[in-house]
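There are two complexes below, and they share chain A, which is joined by chain B in the first and by chain C in the second.
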Partner chain A sequence: MDWAFVFSQTLTQALGITAIIYCLAAIGLNLQFGYTGLLNFGVVAFVASGAYAIGVIVLTFELSLWLAIPVAMGVAVLLSLLLGIPTLRLRADYLAIVTIAASELLRLTVRTVLPDYLGGTQGLNGKIGQQFHDLNPLPADFESLPVLTWTRQDLWVVIVGWGLIALFSVLMLLLVRSPWGRVVKGIREDEDAVISLGKNTFAYKMQSLVVGGIIMAFGGILWAVAKQSVQPDTFVPDFTFFVYTILLLGGAARILGPIAGTIIFWFLLAGIGEFLGQAIQAGWIDFLKPTDVGAIRFILMGLGLMMLMIFRPQGIFGDKKELALDAR
Partner chain B sequence: MPADHTEELGPQARATQAVLASVERRPGAAKPDPILIADNVKRQFGGLVAVDVEHVQIQRGSITALIGPNGAGKTTFFNLLTGFDAPNTGAWTFNTRQVAGTAPFKLARMGMVRTFQLTKALSRMTVMDNMLLGAKGQIGERFLSSFIAPLWKGQESTNRARAEALLARFNLAEKAGDFAGSLSGGQRKLLEMARALMSGPELVMLDEPMAGVNPALTQSLLQHIKAIREEGTTVLFVEHDMDMVHDISDWVIVMAQGQIIAEGPPDSVMKDQGVIDAYLGAHHDKQLTSTGEALTESPGGSA
Partner chain C sequence: MQRRIASRIGMLLVAVVALFGVAAMAPASAAGDAVIGTLTGPDGSPVTGVAITVSNEAGFSGSTTSDAQGNFRVEIPEGGTYAIEIDVTTLPAGISLAKPEDASRELLILGGEKKLLVPLVSGEGGGTAESGTSSGSGSGVTGQQVVQLLADGIMLGILIALGALGLNLVFGTTGLTNFAHGELITLGAFVALLFNTAGLHIVIAAPLSVIVCAVVFGWGQNKVLWKPLRKRKTGLIAAMIVSIGLAIVLRYTVSLFFGSGPKTFEQYAGQAGINIGPFSTTPKQLVLAAIAVVLLAATVIWVQRSRIGKATRAVSDNPALASATGIDVERVIAVVWTVAAGLAAYAGIYLGMTQNSIWNMGQRILLVLFAAVILGGLGTVYGALVGALVVGVFIQLTTLVIPPEMKTVGALFLMILILLVRPQGLLGRRERVG
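Up next, the complex of A and B:
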């Protein structure tokens, strides 16, 4: 059993591109759900809209990536308005129902509608991120960092990705510590009370949905650029629920919650997978086949999460005292 | 009882009571300077008519009590007036402006601020943050300015000072840093009232502000309510405690089964046979009989 290999693979994944995409989505969700209390169950739709906007602009229309990024943000804004305007005036559960339905609707639509533009079930595959990768400042003969075994191209994405996470986390910190943040937290606690104090809560909820949606779209932008491929069936509701898991794991309404949650989630998921794979290879476990590992790691992960919710329901960074207030 | 209090009446109280002395003592009586006028406000829940107010006026600068047995429609009427619920029919003006159908947050901005019977403390926020949320016209509440602290820091510290002063008045100064969810039921009532006052409302509507507040504190709260009236705020409040109603209100409006059945100064209203019947005929409530002098003198009640 090669422990060093298991560790290096695990850490590389815990900090890698997929983790970064989830982290960006979780930061957006933290604003919407953690601070404002909006139950957005369509996280994946915002990520997909960002990724598709990039794919369509760059591959279908053969336009610049730098144009595609603001378009992707615009699409996220549009999606937020589309989902928010009819539902945000209603009770909180309506947004949940509408968003989860919309995310599936969107996936099934891009799968079948306008295949010449959206690529049908195959999606859009090609040099989506070329303009970004051309800017890679790493030396051409770069091999790999010690332990963290990203390729030259991936490392460049990882650097920019963590940069985005840092940027959005700082913006979020400014936002939630301001009077604006106080209003959205008030809405999460009791919307009627905030209305009675003269705040236009609909506008605040809309702003929160839009800003969170844009941050999520950046997850999609990074996805398209890094993987150079946008496929409809990767944007399934599971994604949304993993993002919720990450947020609750790290602690909702905490600036570092999404980051801690992402690293722990991917470290455990990857770690269990790598460990089981190696253990099967070494013959320690004979009742499992290598092909079972993918499913088993989610089972173990689920058990772990149940333990967490029982013994530390507030998440890693959450405040237990704060959680106890809910019961009163 | 009113005799003991005459010497502590402020100029605003004296003026208002003098003006109201000449107002007719009947439902829907016209007031010399109404801040709020409602007409034909009706709200039905299925077959039940919860509110059916033909006409009512609230005198500016007064402390007006809205009383009535449980289920009379007082809270529903509050909800309608403040835009939290929509009536089946009806119109009302605030400061002569037609405001039926206006969004509740806009009414609050215009200066008509209410509290809730079931307290709405923002649990996972500090008492201070609860208070600060009450302040009006905050620059830092706009999305873009929120990122630039120098734009709003000054306003924030002014608001903070105001909040501290109000919290001190309401005996909550030491709690400023605690989560509002950790307060007791009575303390939450106090916080909600203090928070409503943060915006400096013209008309404050309090739904049972004293429920669950201990008697000693009630006395000091009564003084605060009198004080904010002296500062020019109109107070409309719902209350079941007849002693309190008697003590601070200039005018009492009685609701029963959705309608206004009587109006007048506290003394005359509490002697009104129709009012006594409305209270005691349907629901004989011990607390009411033992507190309101006028009610205990009534011929044995009819329960």
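Up next, the complex of A and C:
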């Protein structure tokens, strides 16, 4: 077995584009769930709305990518309002069911209606991110970094992606330390107490949903730009559960929680996948087929989520006292 | 304490793996190589229940029936020449093969997914078909079509009720929103499939599966996972996320051992339809629905009349007060889990026999169960039944105006709508929403 190859592939994935997309979604969820206590199970809907907005504007209407980005943010705001108005007054488990249902409703709808605009089940495929990739400052004869085997195009996305993560993390730090942040944390701990102080908790919860939703939509924007493809059936509820696992692993209500969670989660997931794949090829494991690796990764992830929630709900870096997960 | 829970979860997993280990010993086909296709009638509606058999000279033989969307998939072990036969007697009335020679042909399949084209026309040219299945033909909305969809909707509603009632009983007594309830349905179908492929007739395999699932995945699951969690005073939100993790584990364990293709039971797979007055159905569907009604009625009578049933309602109302009056709350919860898992297992067999069994069948129906439960009122027994029937009929009737692949959308939309106007559901009580 080529250990160096396994390690380099694993590290490349742990810091790569997919990990960045999940990290952005986890930062958005951290504001909604970690700080405000909103059990949003429709994370994937916000990511999908960002990705689809970019795809539709650039490919269907053939307009500029730079126009598409504010549109994507606008779509995320609209989705937050549509989801929030009926559900934010409900109890947490209702909110969870409605948001997960809404994300499936959205996926089933976009894969069926208006195929001329939304691409049907095939989705939108083409040069979505061309304008972004044209700005690539890396030298044209760029080969690859020593261990991290990104292509020139991918490395440019990775640099901008981690830049976005840094930017949003700083924004979060400023937000949660502001008076606004103290109010939303108060809502998470005891909503009635905050109401009795004369705060309009509905408005605060809605603002948290909107800001978190925009950050998630940036995950979708990066998705569309980097993968040059937006397909409806990639936006399944499992994406949302991955994001929850990442956030709970790193520690909810911690600025660095989503970042630590993403790197550890993808390092483990990719490492196990690469290791099993290599071991099967080398003939060490003969009771598994290469196609089983995907299922095993999911099983381990599900087990990880269960164990985390049972034994360490505050995650690796979280503070148990701060996180009152029982929102009822 | 922590170590004890870990070892108990380990035990549960060992049980699941041991159960499926038997399945893994059966010759597994390389995932990916398959004959696939979609059967669509001349009016564009899916054609369901058509039996397709794929075999080769090496002795391999696999068969399936087209599902509710008209899709079929037969997994094959490797590339090669295969004989593909379509059972023309299972085609609905008024639909036949455009080319009669399609009924039996030989194809060289190199590997991967080979898409089979089966053009269908209206008329009796091809076969001796004299029966019909669910999809009505003709373009405009006819009275007969509405009657047919209404009947299909009630059948679907009965199926949903089996899952929704269990979901509601568990929610009522423990407060847990169980995202792994769909997997109880999947497990019911696959445990039955396991007995079935081991040689037992489905008539024996089905009740055996219900009992095994009720004991292992209902009573056992509560015993090794949820009871210790309640003792640790794990919050309801945390418990809900645990159930999501469990759902993922169970779902992919099924896919690991059984593959990702749909499976059918060995008996009654491609059954010819019958006409009863204005609507058509299959005999197996009628029998399955009748048994389901008996099971549902028995459960409702049990909750209303029996001692432990009354205790269940008392625990649903107020666990602390029930406990104070001498009710053994933990025992009630254990019984509720057993009943819920048994009902869900039967729902899985129902689904597996009328359509097919696939690893994510429970996940696909879970949101519909939630829609039914929220519509009727979370935690109420009659609410689950009423909600399930309304959702079932609504799903089928909406196919008159929206494409069939979007029919779940209607149910989810109905759920969001009801939350706007009456968040406690049709039969729920106000204070439950909080």
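Everything that follows uses one rule, which is that the second predicted complex is superposed on the first by the 306 of 328 C-alpha atoms of A that agree within 3 Å, B and C clash if a C-alpha of one lies under 4 Å from a C-alpha of the other, contacts with A are read in each partner's own complex, and residues count from 1 in each chain.
Everything below uses one rule, namely that a contact is a pair of C-beta atoms (placed from the backbone, for glycine too) under 8 Å apart; a residue touches a chain by one contact, two chains touch by 3 or more.
Nothing here was measured: the structure is a model prediction, and the numbers come from that model.
> Touch check for A:Trp180: first (chain B), second (chain C), both, or neither?
first
> Please tell me which partner, chain B or chain C, touches more residues of chain A.
Of chain B and chain C, more residues of chain A lie in contact with C.
> Looking at the overlay, what does A:Asp2 touch: chain B (first), chain C (second), both, or neither?
Touch status of A:Asp2: no partner.
> Identify the partner contact of A:Ser196: answer first if only chain B is touched, second if only chain C is, both if each is, neither if none is.
Only chain B is touched by A:Ser196; chain C is not.
> First (chain B), second (chain C), both or neither: which does A:Asp233 touch?
In the superposition, A:Asp233 touches no partner, neither chain B nor chain C.
> Of the partners chain B and chain C, which touch A:Glu104 in the superposed model: first, second, both, neither?
second
> With the touch criterion stated at the top, can you tell me which chain A residues are shared between the chain B interface and the chain C interface?
Residues common to the chain A contacts of chain C and of chain B are 325-326, 328, listed in rising order.
> For chain A, which residues are in contact with chain B within the complex?
These residues of chain A touch chain B: 171, 174-175, 178-183, 185-186, 188-190, 192-201, 207, 211, 321-322, 325-326, 328.
> Given the complex with chain C, which residues does chain A contribute to the contact?
39, 86-87, 90-94, 96-98, 100-102, 104-105, 108-109, 111-113, 238, 241, 244-245, 248, 287, 289, 291-292, 295-296, 298-299, 301-307, 309-311, 313, 325-328
> Under the definition above, what is the set of chain C residues touching chain A in their complex?
Those in contact with chain A are residues 2, 5-6, 9, 13, 24, 28, 30-32, 175, 177, 229, 232, 234-242, 244-249, 251-253, 255-256, 367, 370-371, 374, 378, 403, 405-406, 408-409, 412-413, 415-416, 419-420, 423, 433-434.
> Report the residues of chain B in contact with chain A in the complex, numbered from low to high.
For chain B paired with chain A, touching residues are 82, 84, 103-106, 108-109, 113-116, 120-125, 129, 132-134, 136, 138-143, 146-147, 149, 152, 156, 179, 181-182, 192, 195-196, 198-199.
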